[in-house]
Amino acid sequence: MGLEDLYQQIILDHYRKPRHRGELAAPSVEVDHNNPVCGDQLHLEVRLEDGRIAEVGHTGDGCSISQASASMMSEAAVGLPVDDAMELIEHFRLMMHREAEPDEDRLGDAIALEGVAKYPVRVKCALLSWMALKDALQTHTATTER
Amino acid sequence: MAAELDPRALRADFPILEREVNGVPLVYLDSAATSQKPRAVLDAMERYYTETNANVHRGVYALAAEATDRYEAGRFSVARLVGADRRGTVFTKNASEAINLVAWAWGIRNLTAGDAIVVTEMEHHSNIVPWQLVAQITGARVLFTPVDGDGRLDLEWLEVTLRTEPVRMVGVVHVSNVLGTINPVAEIARMAHTYGAKVLVDASQSVPHMPVRFADTGADFMAFTGHKMLGPTGIGVLVADPATLDAMEPFLGGGEMISDVRVEGSTWADLPYKFEAGTPPIAEAVGLGAAADYLMDIGMDAVRAHERSLTAYALGVLSEIDGITIHGPKDPDVRGCPISFSLPDLHPHDIAQLVDRQGVCVRAGHHCAKPLMRTLGVGATARASTYLYNTEQDIDTLARALAEARAFMAA
Amino acid sequence: MAAELDPRALRADFPILEREVNGVPLVYLDSAATSQKPRAVLDAMERYYTETNANVHRGVYALAAEATDRYEAGRFSVARLVGADRRGTVFTKNASEAINLVAWAWGIRNLTAGDAIVVTEMEHHSNIVPWQLVAQITGARVLFTPVDGDGRLDLEWLEVTLRTEPVRMVGVVHVSNVLGTINPVAEIARMAHTYGAKVLVDASQSVPHMPVRFADTGADFMAFTGHKMLGPTGIGVLVADPATLDAMEPFLGGGEMISDVRVEGSTWADLPYKFEAGTPPIAEAVGLGAAADYLMDIGMDAVRAHERSLTAYALGVLSEIDGITIHGPKDPDVRGCPISFSLPDLHPHDIAQLVDRQGVCVRAGHHCAKPLMRTLGVGATARASTYLYNTEQDIDTLARALAEARAFMAA
Amino acid sequence: MGLEDLYQQIILDHYRKPRHRGELAAPSVEVDHNNPVCGDQLHLEVRLEDGRIAEVGHTGDGCSISQASASMMSEAAVGLPVDDAMELIEHFRLMMHREAEPDEDRLGDAIALEGVAKYPVRVKCALLSWMALKDALQTHTATTER
């Protein structure tokens, strides 16, 4: 298994030029997640409009995989209805545990992270931003329903 | 004067070092996490299992007597390595259990609400969490001695705290597994004893790498672990003065550690057995004894001299890397061999992953020292750590691999 | 239908059985104290140390990932052997630590003055002393279920006690290491649960010798030990429902078992790691996994069938010895293989010493069951115990050696 | 090492026909000792007269070594002044730990127990009655001095 799987050009590209990096002017919800095992930290902001993800912004520190993943996640998520986003998160999680065939149409560039599944210690890095998004969406739903 | 140590000759004793990783020779630079094992250790355990395996103590038949002899010979070697009394040399499963033994057996019965336990910001979790657990139950508080910018303990803070707080226990790491700092444990023990506090020294990173005499540390308790000193997994050591242990109630209860068990209550076996409940790590003690013998044959002075010079070399080579931050003291005379570092453009995880392609094993993460990571203001570091089988060439390979990793990520 | 087991073929897997003692072949009849180890187990550990030794979890490099894989594969095999969830399969250093884990982590926080802990008169010290220690600290009381003349538990007493006392925990041995009695643990668990008590089953003598499914025992906790089931020393197992463990605070604190460590307090890792502080017995888990695989390959039904028939044979042969008292049940269907016996004219120590001359290893003493010795009205017994590598010929050798011992002492 | 060392005829003889076995009519002091490891039990009674051991009686249960040792100890002790007896006990203890050359004149038949030193688990059996005697003498001294 070559490292090229893990560090594909597209991943390095997202790492070097992260999309949707930064803070939002008017986030609907924000969450902080970190991976206590490796010290990766992520601050995620989401703006929702009419049940859709209108905007995503992320800041923080982490390894190439966690940074690239946050960038790819943001790209894939923006524009999705909340329900679809939740489904996509679950699909990504299953892919990282090698329990689902990845669906490129939905994942976009994030399909490149498939190779991370072979490196169990790095899976948490890849999942960090996706789990943060899940938490953000659930938090938002819970707050607005109340 | 200690004979010099020839790492190239010693390497032949370590079968795993012949192995290749990803098609290149293994360059093992993670001995602070666990050391590799020489043939002598593996063979001692194999012989134990194939020649005399039996449960120890009390067996009348010859096999059991032989097993007991080899087990106790292991204890004797380990005690000799650190100048300890064999009655005060207790086998545990690892250093963590040794510290927990003190925290629970001594702490639960001796700490009361408001008491203070002092540890340091550079402690390994194993010398923090047991105290937090016992503090939670007893109402005691855990205080942290600060670490300064050079990776040294703030002894003034410690002095003030000892003077003004009801400190009952001071836990301090002898050599930091992150910074490499060699702490002045004898001085700290003197200070603590002046104020009536007990002292536990975590010697997990010192006993494998330098001459350590228990009496010279000044400590009441000293903990270390087998797998970092050429020994097997599954065994650790608590050393204390027999009188100290005699005054304590036991920790784990079970077979071996009793004198008599009655429905109304039980009485305890003599030392060290009082603290060794259940079937002990027998083969592991045999293996650890062989490791101690191996180290004593080489001489701990020679081990330290080799590692001091290797650390000096590594500090020189690494400090030339553009933008690198090396955490901890820069003077090889006051530090052991773990070298933690950060690069501005490469996360520690990426470093460890990328240099692995060159067969180089370094650790990335918090090294079980999260409070220290917060003090250093980092989430994680990369750490290279050497042992008697490492050479300057290994350091060169690491430097080359780091340069290539950088190039790869920048490409 | 399980294939039959051929002990003569299996013996070739156990290097030590080729050994001679005092010039005669070894006849090892002390497997209840510790079992011998097959080549497969020794080789798995040797391979671990020479191929992939590294500290587990969190290591990024390939060696560490391989080490972690092998460690977790060991857990998987052990969990499969007893039908446990791998998250509820915790590695400890031995069965004693597994029981202490529950006594301390659960007991210290859940027992209050006046509460009752029920054990039995036939418990091993490892399932008595931890409770006494924790009772001493919490003010709880330890009560002992009586054993009747046939070596069976008095379940009526237990029922009455559960009904009339605030019993919080019932500790019971699955198979007695002295009497061989197989206790009706599922029935006991049902009774205990009716009255809201938790149940810990000490399966140290059952898991090695018969099919045991954790769910079928009905227990909340189950403890057993590696060295009695063809595995290495230095490792034991605690099995529980993950939900039960999730509700508990950790026991030993240290590396590996944390999620985050802060100066203000710490949070815990997921199961099973929350209960595995410090570097675990890695090579030992690999070895124990190989032992579990070896046992599953043979089939636990076949192991039990072999031992049932060997026990029947041994009971027949031994009961013909003039004046012998065999302690415990005489029906091989309701007992495991430890057979304790007394002779009117030979003290157990003299028995063990004298039969050793014929290469026969039996144990003499209280077998870490002093309360039971008092119930039996003896100071000690001799005990012969078999495993899958023993044959009827071994029993015949024992009988012959006993006759010679008698003649020697009478001469 | 042959078992004959451990089970010399003279030891077996003391085991089969223990000397000084039984209780005394008027003991000055009595003690109970047991070896918790193997379950050996010993009840020892001593009558002292003018600072000398006038009579010894022992009862109890144990293996051949502990029984024979009690018999031999009794033989060696009767008639000795207390101080000499204490010295003899220490001499016997050192012999069992191979730290003294045995002195047959003082030990009498008990010299036959020298071979037990090779069997560490049995040393406690051999020592049991001697340690009981030591305890009895010390108890008596302490009580009468008070």
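When the chains are written out, they are named A, B, C and D in that same order, and each has its own residue count from 1.
The rule we apply is simple: a contact is a pair of C-beta atoms (placed from the backbone, for glycine too) under 8 Å apart; a residue touches a chain by one contact, two chains touch by 3 or more.
A quick note: this is a predicted structure, and the numbers were derived from the prediction, not measured.
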item: Comparison of A-C and A-B (more C-beta pairs in contact); value: A-B
item: Averaged-CA centre spacing for the pair chain B and chain A, given as whole angstrom; value: 38
item: Chain B and chain C: spacing of chain centres that average the CA atoms, whole Å; value: 31
item: Length of the line joining the C-alpha centres of chain A and chain C, rounded to whole Å; value: 47
item: Gap in Å, rounded to a whole number, between the CA centres of chain D and chain A; value: 80
item: Junction residues of chain C, two or more chains touched; value: 58-60, 64, 258, 260, 349, 353, 356, 364-365, 370
item: Chain D residues counted as touching two or more neighbouring chains; value: 36-38, 119, 122
item: Contact graph of the chains (line, ring, star, complete, other); value: other
item: Pairwise chain contacts under the document criterion; value: A-B, A-C, B-C, B-D, C-D
item: Residues of chain B touching chain D in the complex; value: 58-60, 64-65, 68, 258-260, 267
item: Contacting residues of chain D [partner chain B, same complex]; value: 36-38, 119-122
item: Footprint of chain B on chain A - complex, ascending; value: 3, 6-7, 12, 15, 34, 36-41, 61-65, 119, 122, 125
item: Chain A-touching residues of chain B, taken from the complex the two chains share; value: 347-350, 353-354, 357, 364-366, 370, 373, 378-380, 408-409, 411
item: Chain C residues within the chain B interface of the complex; value: 15-16, 19, 21-22, 26, 28, 30, 33-34, 36-37, 42, 45-46, 49-55, 58-64, 92-97, 99-100, 103-104, 108-109, 124-126, 128-133, 136-137, 142, 144, 225, 227, 232-236, 249-258, 260-263, 265-266, 277-284, 349, 352-353, 355-356, 360-365, 368, 370-371, 374
